């Protein structure tokens, strides 16, 4: 099987009916997108299509646009893309559709997704709310909670934080200490969490909106010697996060369904290419994984790390 | 020693300390128009420091500077330039990446007429021609007007700095060891140029360790020792031996001058 | 002009072009042990370029260098140092942030004994004492052994560079205008030092624009003009006028030397 | 043995090597040209590999379009680096200016040119203001440029987030998006690239032919020498950082036009990318030398590499490795060729390998 | 009028200002001390605002622990910057070394000290290898350090991602996490900080008392002068970049111990943070001057600010603004105090304001 990061080489479509599909990630090297890539590659292999995977170094439309432009120039049959901004990526993706490329939006979407044959999205706000539920389950008595995010302006993590904050507001026994930004550095997240615990030693829960925030938060809690007293809920369920969960560093994970998104995306693309009807909008759900269900019910939700 | 004339530039009681080193220690100094004043002293006596202070390059701890009799604040090199004071520094102060013409005209470019001039375009051709003339006058061996001065020989750079200062000075010109790197012929030319400049009524301050040159060209000699002026004499009234004695402290003149 | 002795350092047909400027043009040069050779020439004649080429600082386009009669590749300054060649460059080449002692011993520090020495610890006290002695010998006015040389006066820096070269040379020492920035007394000391070094059997190459000093101290004079050696004469056989004529091209010697 | 002849000047001035060389000769020897050859080689290789996808005007058009915003920033950065300074704040100032302009335009409402013009001016003025602050702190307070612009990087970004509450503003007048962001001149040349070209051409003319450019080079060559001849060095430095800021402001409105969002989380790599372009283009971080043309070429080398790698299907992780390796190689080749030109002989590259790269 | 007296030396050497000043006097005048005062003031202010949360050993302990990894990197960076170089690759090399060590330890399996020791060595050697590559390209191929380390930044990161497929490795021997990552010495001092302290102390001794340090300063002060006296400048540069690389390797294993993950996408700001610390600490980007002590202080200023702002409840967006402003102010105050010390009079700060900051 292929290891996570490797896309297959580029082959132009045609030949014996094999389509060429390009997949543009929101950010390269993120396990969420790697799992999605696995789903895509598996589905494409079944259909005899080839897949090229590209992604920007950061979740940043100014870095993603040149990649999309180059992809369009390389003329694939179809494009699966996780737009990094609802408006910034509008025009480049429109240009792809105008060039006759079938477009499917995965995970994130656009202001006006009408050019896409389908959009398959996950519910980040709902995920944020679910993360709060996980903290509430561990601390029914209530208390102070903190959000550690990456950078302001990243749509997915902003939506997670917003969903979490909204849920806190609806629950008077909890107080939110607001959102702190770790700039995607575990060490900054650790600094923030240690300082926050110094200020408010009675924090009961931390929602870490992405992997590094979770890792840094866990380190910070450990440095402050408060492991076990603070519930850390992370987002996404890659192998690294699951190990953290099993090690007791993180108490709960909100898992999306990236592989399903990828599989569905390929199905929609193939349908469109063959002129079959497509589904305009598909919404995928999420699962909360805790130590209790990680080996049972929750195991199915764990992201694949190696594509079979 | 006394002149009825007002000195064009006059310093009284200048002091400047660097860490523990007192580079200037209550130093006086004055120069008169149309005179060549030699400033001499041992290494580290404070000559260059004095020049820097009088050309707006160094703030002093105490002391006053008068120009045409009025107290001035020599706050920056531009202030000194505005008064018509030009300087050849011992550590040349040319921009090494620029060519001789650009260095010659830096800060004083000839602009084009009309809009182009207002936008900052320059008459390169004209500046080149004039620079060439100025270098020729000094007999400088600047081989190329288009290569950066950083690539030129020590003497070539020295000549450019001198040409520049002489070209722009209208009242006072300081020459801090101008002939140190120059060839025999170039040195002769520079000494001649000094006289010519003096004859235009400009005050020239000539710093040198070469006593023959000092005696040949100067009208008046001021001696610095350990940051203090220890003598101020007419060249005609002194001798090489006395000067050397004054610089090293073997001879002292009575009274403050 | 002919000596039976083997020259300690000998260059034949050196050429080096910078862009369009031919700094060295088929130049020859040789120095003999126990002799002071003066190298003179107009500004830009190629003296400093020749020194750099012979001290491993500049690759030449063509020509050979022999040391003690054997062809050597003067590929780097370390190669020259290893042969016992030391140089005072016209643009001094001191590290401005280091103090005089550190500059004096740079590349040749006295290490501590034993493990500490192997780890790179140095005998600072001893280096200080020896430097002080070397500076004193030149009568240098270095006021502080602990402040960076970048803060020192032109003459003070010059003295440090000379002290360094003289201290370490065992076969040849190049002095590129060493007295240019020096005071009267310091110049006298340097000329004396040159004689003392020569008497130890070391070859001294003395570059200067001061003909009196050249005639006073040298045994042999070689004249560069436009990158070519145009004369190689015993000092006793020449005069100031002839030298000036040779440098400017007014006088030519017949035949290549 | 001695022959007397009349005294002559040792060398007449300017007789030996006045630029007698042809225009072509001078161009070939120009430093910016060396790196341009490297770029041509890279383009040539990709064109050979992927003639019908890479080597198309439609593709070059997009490469140029994507490099345009960086090009505007790089002009200002070239000036800054020529003075031996650095401006880390350009990315943040770009974001800040875009945010202020977007807020202003949203408050005014409307989709027409009137609002857009105000937005453009507001953006440029916001950038200019940051540039002036940087310049004053550097020139007057003598704080190292790295520290000043690192500080204003954080401050501009923080203020942009405060102004927006961390949420991108996406209401941008449609005239900006349609005419500047995605508009074309002559049907096929992106408007945004035309704007960048105008900035580049003016920047190059000012640098190489006017007093302002001369003072920039002089300050970088020797600040103290320039100060001593009476040039107002502080004022010049302030103007240069102000220029860099104003161009970041212009880039802010261009970015807003192109992406129709303030993208406050973006631009985190912008400063390093722009600095790299300037240095690849032959401008020395130690000041005194630099050309705008070189900078533009330096901008296209990574841009073309990235595009070419995506088109030829190189995997993302390998792309980073390859871009790094090509960068180093490009600058090395440029450097060797340049020092060969200096020596006045042309077998320099070969000689360098043989002689082990000894300085000369 | 003329009085003859015996000839005397103008000035006896070293008689005027040999360091007759007391040890305390010298410390006060040392450049690193100035910025230390700034740090003390910052700590004082936060302590006054939040005496029972900020001003606690438990809090300081955490600040120190969090700064430890950066401290290790900053020692190498100080050497590099003293030579007028720069090393942008430290963050990536840290990640790369951590990845190689993690893969090696995973392959060997086991949780004990044996595997951990191999991992530590592998990490350091990996970093060292990158450092040597950087050094050779800079010293021998004469490519500007900014370009070389920008290139190796991309290459090291790309290779780390290729090795792992982009997925962080989390299997770290537990001895590393428990004894290095979270272990304590004397019950309360973090082991990781003790390791950093050892690196810092050795780094400072080598820089200020040995030949290696002297050559580092000399190369930065004047590369050409150092070369001319026969010091092997190329070798020295290679050693310095190798040192920086090796320390990045050490930091890689420390980071692995502390975070128990390779954190491939993290560390993108590390290089700028470390460079900022070095510059805040008084090391000049133009080379020739610098102290390790200054760097350490320079590291703590942003760390204390960040911690203090979170504790005193400053809002996140404002934190960035405040950190930027305080950074600039700190360096400004340091700079004014230092030039005041140079002038030999102590009312320098006040004087500076009055006289408008004229150079002296």
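Per-chain numbering from 1; labels A, B, C, D and E assigned in written order.
Criterion: a contact is a pair of C-beta atoms (placed from the backbone, for glycine too) under 8 Å apart; a residue touches a chain by one contact, two chains touch by 3 or more.
A quick map from chain label to UniProt name: B, C = ATP-binding cassette domain-containing protein; D, E = ABC transporter permease.
The model shown is predicted, which means the values in this text are computed figures rather than measured ones.
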Set of chains whose contacts include both chain E (ABC transporter permease) and chain A: D
Path length in the contact graph (chain C to chain E (ABC transporter permease), fewest steps): 1
Most remote chain, CA-based centroid, reference being chain D (ABC transporter permease): C
Chain B and chain E (ABC transporter permease): spacing of chain centres that average the CA atoms, whole Å: 45
Distance from the mean Cα position of chain C to that of chain B, given in whole angstrom: 29
Chain A and chain D (ABC transporter permease): spacing of chain centres that average the CA atoms, whole Å: 35
Rounded Å distance between chain B and chain D (ABC transporter permease), as computed from the means of their C-alpha atoms: 41
Residues of chain D (ABC transporter permease) whose C-beta touches two or more other chains: 10-11, 16-17, 161, 166, 268, 317, 320
Two or more partner chains touched - positions in chain C: 18-21, 42-44, 57, 76, 140-144, 147, 185, 247-248
For chain A, residues contacting two or more additional chains: 5-6, 28-29, 58, 152, 179
Chain D (ABC transporter permease) partner contacts - residues on chain E (ABC transporter permease) that touch it in the complex: 84, 88, 137, 140-144, 146-148, 150-155, 157-159, 161-162, 166, 268, 272, 275-276, 279-280, 284-286, 317-325, 327-328, 331-332, 335, 356-357
Of all residues in chain A, those that touch chain D (ABC transporter permease) in their complex: 5-7, 9-11, 28-29, 52-55, 57-63, 65-67, 69-75, 85-88, 90-91, 111, 151-154, 158, 179
Complex contact set, residues of chain B against chain D (ABC transporter permease): 55, 57, 76-78, 80-82, 87, 89, 92-98, 102, 106-109, 111, 119-122, 132, 135-136, 139-147, 150, 164, 185
Residue ranges of chain D (ABC transporter permease) in contact with chain B within the complex: 9-11, 13-14, 16-19, 206, 209-214, 217-218, 220-222, 224-232, 288-289
Interfacial residue positions of chain D (ABC transporter permease) with respect to chain A in the complex: 50, 53-54, 56, 58-59, 62-63, 65-66, 69, 161, 166-168, 170, 177, 181-182, 255, 258-270, 303, 306-307, 310-313, 315-317, 320
